[in-house]
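The structures come next, written out as structure tokens.
Common to both upcoming complexes is chain A, partnered first by chain B, then by chain C.
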Partner chain A sequence: MLAGYVLRLAGKNMLRHRLRTGLTLAGIAIAIVSFGLLRTVVDSWYAGAELGAAGRLVTRNAASLSFSLPVTYAERIRRAPGVRAVTWASWFGGIYIDEKHFFSQLAVDASSYLNLYPEYLLSPEQSAAFQHDRRGAVVGRKLAAKYGFKIGDTVPLQGTLFPGNWSFVVRGIYRGADDKTDENQFLVHWDYVNETIKNTLPAQAERVGAFIVDIREPTQAAAVSAAIDSSFRNSLAETRTETQKAFQLGFIALVDTILLAIQTVAYVVVLIIMAVMANTMAMAARERTREYATLKALGFRDGFVAMLILGESLSLSLAGGALGILLTYPAANAFHSATRDLFLIFQVQPLTVLLQLAAALLIGVSAALAPMLSSRRVQIVDGLRAVT
Partner chain B sequence: MNTGLSFSYVLRNLMARKLTTILTASGMALVVFVFATVLMMAEGLRETLGGTGSYNNVVIIRAGSQTEVQSTLSFDQANLVATLPGLANDGDGQLRLTREVMVLVNMPRKDGKGLANVIVRGTTPVGMRMRPQAKVIAGRAFRPGSSEIMVGAALTRGKLGMALGDSLSFGMRQWTVVGVFDAGHSGFDSEVWGDSGQMLQAFRRNAYSSLVAGLRDAESYADFAAAVARQPQLKVDIKRELNFYADQSENLANFIGVLGKTITVVFSLGAIIGAMITMYASVANRTREIGTLRALGFRRGNIVMAFLQEAMLLGGVAGLAGLFAASFMQLVEISTTNVQTFSEVVFRLRLTLGIAAEVLMFSVLMGVLGGVLPAIRASRLEIVDALRSV
Partner chain C sequence: MTALIQIRELSKTYRRGNQPVPVLLGIDLEIAEGDYVSLMGPSGSGKSTLLNLIAGIDKPSSGTLLIGGIDIAALGENELAAWRAANVGFVFQFYNLMPVLNAFENVELPLLLTNLSKAERREHVEVALAMVGLADRMDHHPNELSGGQQQRVAIARALITDPTLIVADEPTGDLDRTSADDVLNLLDRLNGELGKTIVMVTHDPKCAARARRRVHLEKGVLLADADAEH
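On to the complex of A and B.
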């Protein structure tokens, strides 16, 4: 009963300064949207690592990724207990047109790589065409769309790791089995690269960047990893084997300082809007000092006046918050398409929405605190006499 | 003469509503703080890598390889470069040319979260003389021909926390840290230095990564470049050492800059709205006062200017406060991976006069954007109506 009155009165109060209420609502909505977007950016970054089958391991040189491994390791890895299949890939790192047109290129073992990546869907004809052309390449659907690559196109790449000017012919365009598959890869023949660099860069011939290992039992990942690594211990090139997910998380850990900064900044925007909202409420309360004194004179208790202020503040902040949450979804979609292929998936997590709601609540409560306290302190006589 | 409203009138109006002024200014100050911090980050990174090396040294890497780690130069190529004109001699007649080996080595972080890619540079006594900015501050330099290394001062702080006397294991060997060197907040500060020949052996390499040559004087670059171009078997890219490292900071610095500016622009919308609310209220509360001023003969333009000045002052105060807070961020040191070279780089946030000016201007602009509509509304009030309002 009483709560209903408070709410109705608070709602009426909100409408007294329409411009100010509108501006405050807009401010809160903007803040809640940016808070949600920033959190989603960080989430999506980590979400990229969650992709990929858990049943795969990555074996690379223990010294660091910039060191390669001899391709002969493939046979020894295959013999390790629990291993079903092995393939390998080297980072090609060529430049297409210029450095701004970056996309990842891998030199892979054409005969085995696609078998280990069943989520890359490629028609049998295209697959055969790729196998038969040493200069052939298989391109992900999104990457092909981005640069307009079509079957039969020649793609020139300037080598960085592998010197020289290279050109590859697009022989296949793969689709992802689901929307969590990376459709931005550019795969070329490791054999072709290897043959070519035997002349130009013999030190890097017969060497690969990493082995991808398919294991029979995903639960045995730790044991198989340990078995592989121990068989190369104290050799010229020691290995580090980890699940594909851990491997990708390793990349993310490299830039975790930046992610931490983004997360921190996401909370700063809440602080900013807290100040704006607190200002709005302080103004409203100051203007109504006389009204509050009148209410008290009529016999309403201090608590009622405080509830009135809190009610107005909360309805304003929650309305702005709700608006912000609703706008987060279209904003996230727009952001995702604007950044094109930076993120594989870009989804607003339920936790983010919950945090947005909590932020709106916090903004509302904290903005009401100061006016609530001062309204309690105001004497009826002083309040009635107040000039605003 | 100036017939506008005096500045003290503007100032007092802000002082009259302290709580509102403080709340609005603190919202804007937070935006300024974020903006300044981001600019300082990009600047710090640029300065760290841009201050690495010296103008009269030339870095020579394999054509197209872009970074020293990706580059390989054969012993023959190195010997050929040594015969080219334009290079300087040391005092004792030795050529100022150093054959370097660069590798990325995974080292565990102190917080246990993953591995960092640290640059290990195999260099020579000549190479160390060619980088006088790197001074040993603890222990001593490594002895050539031994498994001794020294580490950059930045690696002893922060995430990696290496210390004198530590033993590091890479390339199937144990290396002893015998010295710490300080290269004046440059990129070298994030590197591990050891003997070039030992690195070749340890990593079973039969090629160098890069050559760094000292030019005789600033003008001999053109001669040297022409001489390199005349040797078709060299197939190398050359760059002045200073530019070489400066270029390696561009991608990350730009990324931080663009990300930060986007965030700041969105955040500033919130702060501008805050300023607008405050200024509208300021106009509404002073309707009669404005009417009186107009009746006294002040023009509409004077009223607009007074309110704009008030908004600008609000922005200026907020800018100063935000900048003051941001100046403490200079104590922060960031350790992250340079995506361009894939290696760990430690840099300190840097506040420059340029950043301070840019940030203050931005803050005043926020004030103006927030104040312009309320100021116009104030100037449009009709004298009679305004005087009659309650």
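On to the complex of A and C.
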């Protein structure tokens, strides 16, 4: 009975200073939204890595990603036990209009690449058109929508890694099999690029950035990787084979410090609101010193008063937290719209919501601790004399 | 009449920093069950301290304090809280009502510590509020009531658990004469009709004259004890 009463009384106390309560609720909600958004930013960086199919491996130069491999490796990789198919891709890195209009461009083996990426859905007609046109390109739906690319459009690119002025004709626009598929790719023919650079950049001819390997049994990824790498041991270009997920994580490791900073800021935001909330609760409890002393005089124990303070603090923090969690979703959508080029997917994960809830709980409990202890220390006679 | 309150050699000393400040010096006093006693004296005489000790919200430094035969100074915090809830009704100078609760809920507060059902609590509260003439103000919050009405709510709260002892600290100190008379009339009734033992601290001689017995303190010492015809 008393627990229910504590909650009701805590709720009523919460509404005594509506402006103060409103501002505190807003502060908690903003902190929880910020916490959720920052965590989602970090999650979204890693989400790209999660997209890699478990059955796909990536073989690259063991020295560094910036070194290429001979295309002739493809045959030896295909012969490795457990390998079903092989394709390859090179980072093209051209400039469209200017550097601000960045999007991912890959020179791929047109005959095999799309077979290894069944999540890129392309009509048979468009696929055939791409195969038959060496200057053809396949564009992701979102990228096409962003720049207004249509079938038959010519897209000029200024080469950087592969010097020269290039132009590609859009022959296909793929869509993703699900909302986790990257629809921002620009794929061109590796053959076309390779033939062209034989004259301008012969040292880079017949070389590829990485091989993508389809394996029969995903559980054998480690063994197949080891088999591939061992077959190139002591060669001029040793290889490093890993799952596509591990490969993507390798990229993310480059921005690890930034992600750590973002995560730290997320927790600092919670710490700040904990301090603000603690101040609010201390103020509220100080104002009610005489009321708490009256309750104790009437026979209520210290624990009841402590629960009253904790109940009010938790009601406030959980209400603010719930509001913050609800607002995180529209805020995340707005954030994603503004940063669509940066994040393939930007979804608030269930773990983030749980952590938001835990943060709200922690804010409530920590803010109540000092006033709870202080109310226990105050003698009834001193409390009754308190001027409020 | 048997003595409800038995006080022997009761002393209380506070500490201000390292300095001991004696407030009560060896008080001997007996108050009979059903008596109505006013404690008078100048500021700093120790009358409120004596009332607080009798009410069990402060502990003596030395001496004996038996109430209903119980040495309340020997009780632990939780036992003392339970003892107060069952045996003492409080009337404060500034009413000390919970501002977020209405009159009904304020009076109901002490009953939350009993095993009464919700229906039983409602019945008790309605009777108590009717007794103090506020049956039609149950839903009003303290800020919607006059000072006199708030003090009557506080009196209803004090008697709701049917305590043996009612302690009142300057119960009319914040009221105009008419409201003060209403409150004193109520205390008269509690004593006369319900037989409650009342110990009241007051500065006001007119107020003190309503008690059966007036006890004077000065500088922590009991000076005089005068019985009054009532």
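Brief remarks follow.
Convention: the second predicted complex is superposed on the first by the 386 of 388 C-alpha atoms of A that agree within 3 Å, B and C clash if a C-alpha of one lies under 4 Å from a C-alpha of the other, contacts with A are read in each partner's own complex, and residues count from 1 in each chain.
Here, a residue touches a chain if its C-beta (ideal position, glycine included) is under 8 Å from a C-beta of that chain, and two chains touch if they have at least 3 such contacts.
These numbers come from a predicted model, not from an experiment.
In the superposed model, A:Val381 lies in contact with chain C only, and not with chain B.
Judged by the touch definition given at the top, the superposed model places A:Val268 against chain B, while chain C stays out of reach.
By the touch criterion stated above, A:Ala227 is placed in contact with neither chain B nor chain C. Of the two partner chains placed around the shared chain by superposition, neither chain B nor chain C is touched by A:Leu327.
Greater residue coverage of chain A by touch, when chain B is weighed against chain C, goes to B. Within the superposed three-chain model, A:Thr294 lies in touch with chain C and out of touch with chain B [touch as defined at top].
Of all the residues in chain C, the ones that touch chain A in their complex are 52, 55, 57-58, 77-78, 81-82, 84-86, 90, 92, 96, 98-101, 109-110, 112-113, 157.
For chain A in complex with chain B, the residues that touch the partner chain are 19-20, 23-24, 26-27, 30-31, 34, 38, 62-67, 93, 95, 99, 158-161, 163-164, 201, 203-204, 234, 236, 238, 240, 249-250, 253-258, 261-262, 265, 268-269, 271-273, 275-276, 278-280, 282-283, 370, 388. Put simply, chain A touches chain C in their complex at residues 1-2, 5, 9, 12-13, 15-16, 290-291, 294-302, 379-381, 384.
Within the complex formed with chain A, the residues of chain B that make contact are 19-20, 23-24, 26-27, 30-31, 33-34, 41, 62-66, 69-70, 72, 103-106, 113-117, 170-172, 203-207, 235, 251, 256, 259, 263, 266-267, 269-271, 273-274, 276-278, 280-281, 285, 334-337, 339, 342.
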